[in-house]
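Each of the two complexes below includes chain A, the first together with chain B, the second together with chain C.
This part shows the complex of A and B:
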């Protein structure tokens, strides 16, 4: 039980992180997953400098043209280069979910750990409220907020961070319950440590693994939500290139211009698959059984 | 135990109704400003609010709305002046039809594949289906739906890719248009349940009593069917319930993709039109369905699990 050690020295912590990373990379799923995620992240950063065309440049002579030497993935219904838009189409999604995921995991995790430790009447009430929130489909909750406050990223980030933090409360609370009953927590309490100290030194290090895997999963669910909202027309607004929006636009021309759909479909799928493979490998490396978790 | 579950379910629905009501309440504007749009000022707005009873206190209106909902009267829509219960009726039936078809296809497939992958853990068959399941559950429904339409409707021309039947049409007219939506929904559902059944089977197979049976020399299939599966499948019932709740969000997207006249598309339309009474009503229905499904799952688990049954009889 090495995790009992209260605050491991900085270099052992780094060593453990590297060890986990090596373990993840050693698994086929982790190697493929991390490669895909890294590829998408790098692409999102450098894409503005490598795209062949302007993403909003329309050309009425080039509408719905098939793949060619000049336009590798053809053009869309407004004569815009599909490859350019596919390369740029993940930036918004990665930016929004990349900020919202850590926020969701942090606030949900801290609240869950706190109430897992404290328990009592307030905990009971909170769990009822959490259940009530979870019983509404995500799309309804999010749409009500988005319709009220608009569709920019300054609305999407807090909305996603809020709603996707709620299930984290449950997970963190359950993980805390597993730890709280152990001897070293009782020992810390017997030593007279306050709640904050117990959370910081005993609970957080032990719940962190679960939260990391949970965070990876939240990320993929958030991407699903974000792109679904875009698809429905409640996400980013045109002409900003976004995979969900592109699929929605190109769907009508699918019968004679399938390349407009296939590009964003492959890009979005590969990112989400990459995240999931990574999460899977991470869960196995950390010894957490992810399959037990509820999908909500 | 049973009474406690019923009570907790009722509490959850009640909290949801408060959240819905409060949520819509804090939104700027109300049914009248949405209905009158630019003319929403002065006398016209006041008259409208009076006619709709919007000038009363929030608590009074909540009470009215909640007691009406209990009697099955969900109020009238903001713009159409139609009874929401009437509007929702057919849509709810259509969404349930979609869900039931998907369940009928998905649950047996998921249990079968879950058991197979659980028993053949880390073998090729497990890796193939487990990995496919992860993809099926995490790729957005609109993406898998679009790909299926492209393949089966556009390229192969086997199935219609869009539903043209109107909301009130008899159930038989939805075939074969409903097939592709059912496949997409069923696929996601299968993936979720499969993973749960698999991990449950794995857990049971390493249990003491299964090990004991193996050591006693009980035939393998006898162990699987008599000892392991009854215990492994019980938790699956609750998972199916949870999955249904999760899928309600996906149903909305699928209904939009296929132009299916269900509750989900109605909700999207209502939100776009800012028809708040309809949004409230749909939210309440969905939450009630969720709680009802979970209750049913608890009941089924209780009936099927001898241990819980005796507990329930003793009233603990």
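This part shows the complex of A and C:
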């Protein structure tokens, strides 16, 4: 037999992860996306030490002033430094969604895998319940919970994790269905492996890729939802700086002081675009997107 | 103007990750005259489909034209405008793809799809389209065209879908047809019918055809000229007779030798190694690494296509030697069953996919429809190989699943050794599980893409023998050696293996359990012929050393013939005939066996298949009488519809289930 030219044939989990990371970085979307995300994460961590002003410091003489040497992004209607507040404004959102996303993916994923495995009538009935849930506007569902239990991290995290876990059920179930029908699962069953072993060894590794990409997508949706809640006044309470809240506060002055809106808008959208680009590149690197692969 | 399709010096390639341009096609010239039918053959990855698509001016995504032109009617397709291409493609130049089921629009009725083709590519006034559709469907010999018009693609069988695709291609009155493996994946009988249809249509209309296939039998049937491709270049070109009867290129010889033949009792000869990846062919002959006649010169200088003395053109320095050497090697003899105790016994086995309706469930009744598989009683000796043959839907794989415990039987028992086997895997003890191993059709599906070869092999070793650490590693390596793969494969993932290597790993996994019974479910049908021969050889070797009992399921009768001691023929989940291989393949046969044997395509331009029965696909077995009643070419009459046929035995070990008397069966 001819042998394949000596490729390094170590395929440990770490090496696979590094390989995927290299692949993501090799794609323009991945390189731009990951850089944006990393930039935001680093800023969120170090911002309290680098901000030029106190985010609460008001100055009635400096209300709605345009960008200047002292205030690079101008000041808001209370005379606070916009740059300072933009730099700090993502911390809360990243903290809440950073905790809620894994929770959503884990519970939605587990339930989806369970539905996918059970199959049959029970699966059909439960999925219709999920569909019914998904058909309601998300903001409505969330407002009900928030109005009932109040705002604050301890309510926002479980609320977001709950509602954003539901679509994950769908994805995880579909991925499970795809894998369960494949012969390697039958082969493992025919060998006589226990149910748990089959799920852990044969199923999970193949479903996890999909869940990872789904998790990244959910994260960006969740950030948008969190900012929307803040915008509506149900998220972060003033005076804590937050992009959604800043947009809400500054939108009245947009016609003559657009910098108040522009700063947080650019910050928020660059983060979300960064996450989406990363998710896109990740899906391609893992080979689970629908686009065509290289020929031959 | 002489050539209809005139491809000149075409090179096609893609840019790899490393930035290097890798050529998929290398400087190919191909001319097809009007009315001529040219076959393109080669292993997967040889570039044959790419070449056919290039004739349409189409390249798969990522590929680019590096050099040359592809003229159709004297104008380069790559130089034409989009509008022109749209007009020509599907009109004067039509493509019939491999899997028509996927190329028909699932939400449109057949009639609407054909009318669309007529609207775009025919000059016929719109009010005549409906009649033309019926005419086209009749032309491709679809029964009851009026009914087909109103059907959706999923309501048709694979063969019928392929016929619709042909009708659609004919709608534009094409001057040339490009066929990309149009019969791959179809049953032998359906395949033979489609090929006859294509032959007749081409002759009738004076249409040119470019027929891409890895199946030399199909090529022999429809083509007048054959082009053999290897690693993106033409290595041999000549008349079908010349290429198939006296090939002068070692690769074509190897390819021919690797095809199992019905009248050959020896195993086909494997063509070792694999073709170079695109761009890796080096300076010399691309085939040098796999060639028996290789000399130093072959590794340094690339041979040019040159006219050969016997006819045709060949790309080889030693074409004369190759010509002389042809047919001298003989394949290994299959290991034959020497007798022994019963290993596996199927007693009155029936299997049903139908779920009883709620009312029936409440009344404690089974499903009202006849079971998918019924009345199967077969006893298999220790070390014997039983071949199970039949068209798709005959229940071959279903029976294997039940033996493996993946699907509970509706009735009857399976006995392995001297103990009856519990119905499903959950109730079998480790000894029983280890005893029976199943090898699947497609290794891409049966190997977990996230597990390394070591992971894959270690699973049965840990499960059945509790091995760990160094012992586990050593044993895995040993098993890999046994399937002729080195220990360095242990760290690889399935995606880093070729198709043949993957199937070897799947075989190694089954044999890691030290099984007494191995169930092979179409194990070679997803592989290239050259690789298939190697896998058959490996299975034969393992039988020699391990004394394994095989049940070998295949729709390819020649493959079954090569390996089996005994053959059972199934139709609609019922046994028609069972006997020693030579008994089933010769002498008295069940009419269905005759139909199957007649449809086998040989890589020989002089052999013509006999088409005894229609290639209609039945969805369910009849409730009473003979299962083959609706398609039987030798139907006796009402008795076939009402009474189950009796078993008749022409000689010991051979049994035929038919109402026709043995003398009459023999008379045919």
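Quick note on the criterion: the second predicted complex is superposed on the first by the 278 of 296 C-alpha atoms of A that agree within 3 Å, B and C clash if a C-alpha of one lies under 4 Å from a C-alpha of the other, contacts with A are read in each partner's own complex, and residues count from 1 in each chain.
Basically, contacts are C-beta pairs under 8 Å (C-beta built on N, C-alpha and C of every residue); 3 or more make two chains touch, one makes a residue touch a chain.
None of these values were measured; they are calculated from a predicted model.
Applying the stated contact rule after C-alpha superposition, one finds that A:22 touches neither chain B nor chain C. When the shared chain is aligned, no partner comes close enough to touch A:177: not chain B, not chain C.
When the two complexes are superposed, the chain touching more residues of chain A, out of chain B and chain C, is B. Legend: residue contacts after superposition of the two complexes on their common chain; A:56 is shown touching neither chain B nor chain C. In the superposition on chain A, A:138 makes contact with chain B only, while chain C stays out of contact range. Within the superposed three-chain model, A:205 lies in touch with chain C and out of touch with chain B [touch as defined at top]. For the contact definition in use here, the residues of chain A common to its chain B contact set and its chain C contact set are 292, 294-296.
Chain contact summary for the complex, chain C toward chain A: residues 14, 24, 45, 60-63, 272-274, 278, 289-290, 404-406, 425, 428, 430, 433, 437-438, 440-442, 445-452, 459-460, 463, 484-486, 488-493, 496, 509, 513. Residues 8, 11-12, 15-16, 19-20, 23-24, 27-28, 131, 134-135, 137-143, 146-147, 149-150, 154, 192, 195-196, 198-199, 239, 242-243, 245-246, 248-249, 251-253, 256, 264, 267-268, 271-272, 274, 279, 282-283, 286-287, 290-291 of chain B are the ones that touch chain A when the two sit in their complex. Across the complex, chain B is touched by residues 29, 128-129, 131-140, 143-144, 147-148, 220-221, 224, 227-228, 231-232, 244, 247-248, 251, 254-255, 258, 261-262, 265, 268-269, 272-273, 275-277, 280, 289, 291-292, 294-296 of chain A. Every residue of chain A that touches chain C in the complex is listed here, in rising order: 1-4, 7, 9-11, 182-184, 186-193, 201-202, 205-206, 292, 294-296.
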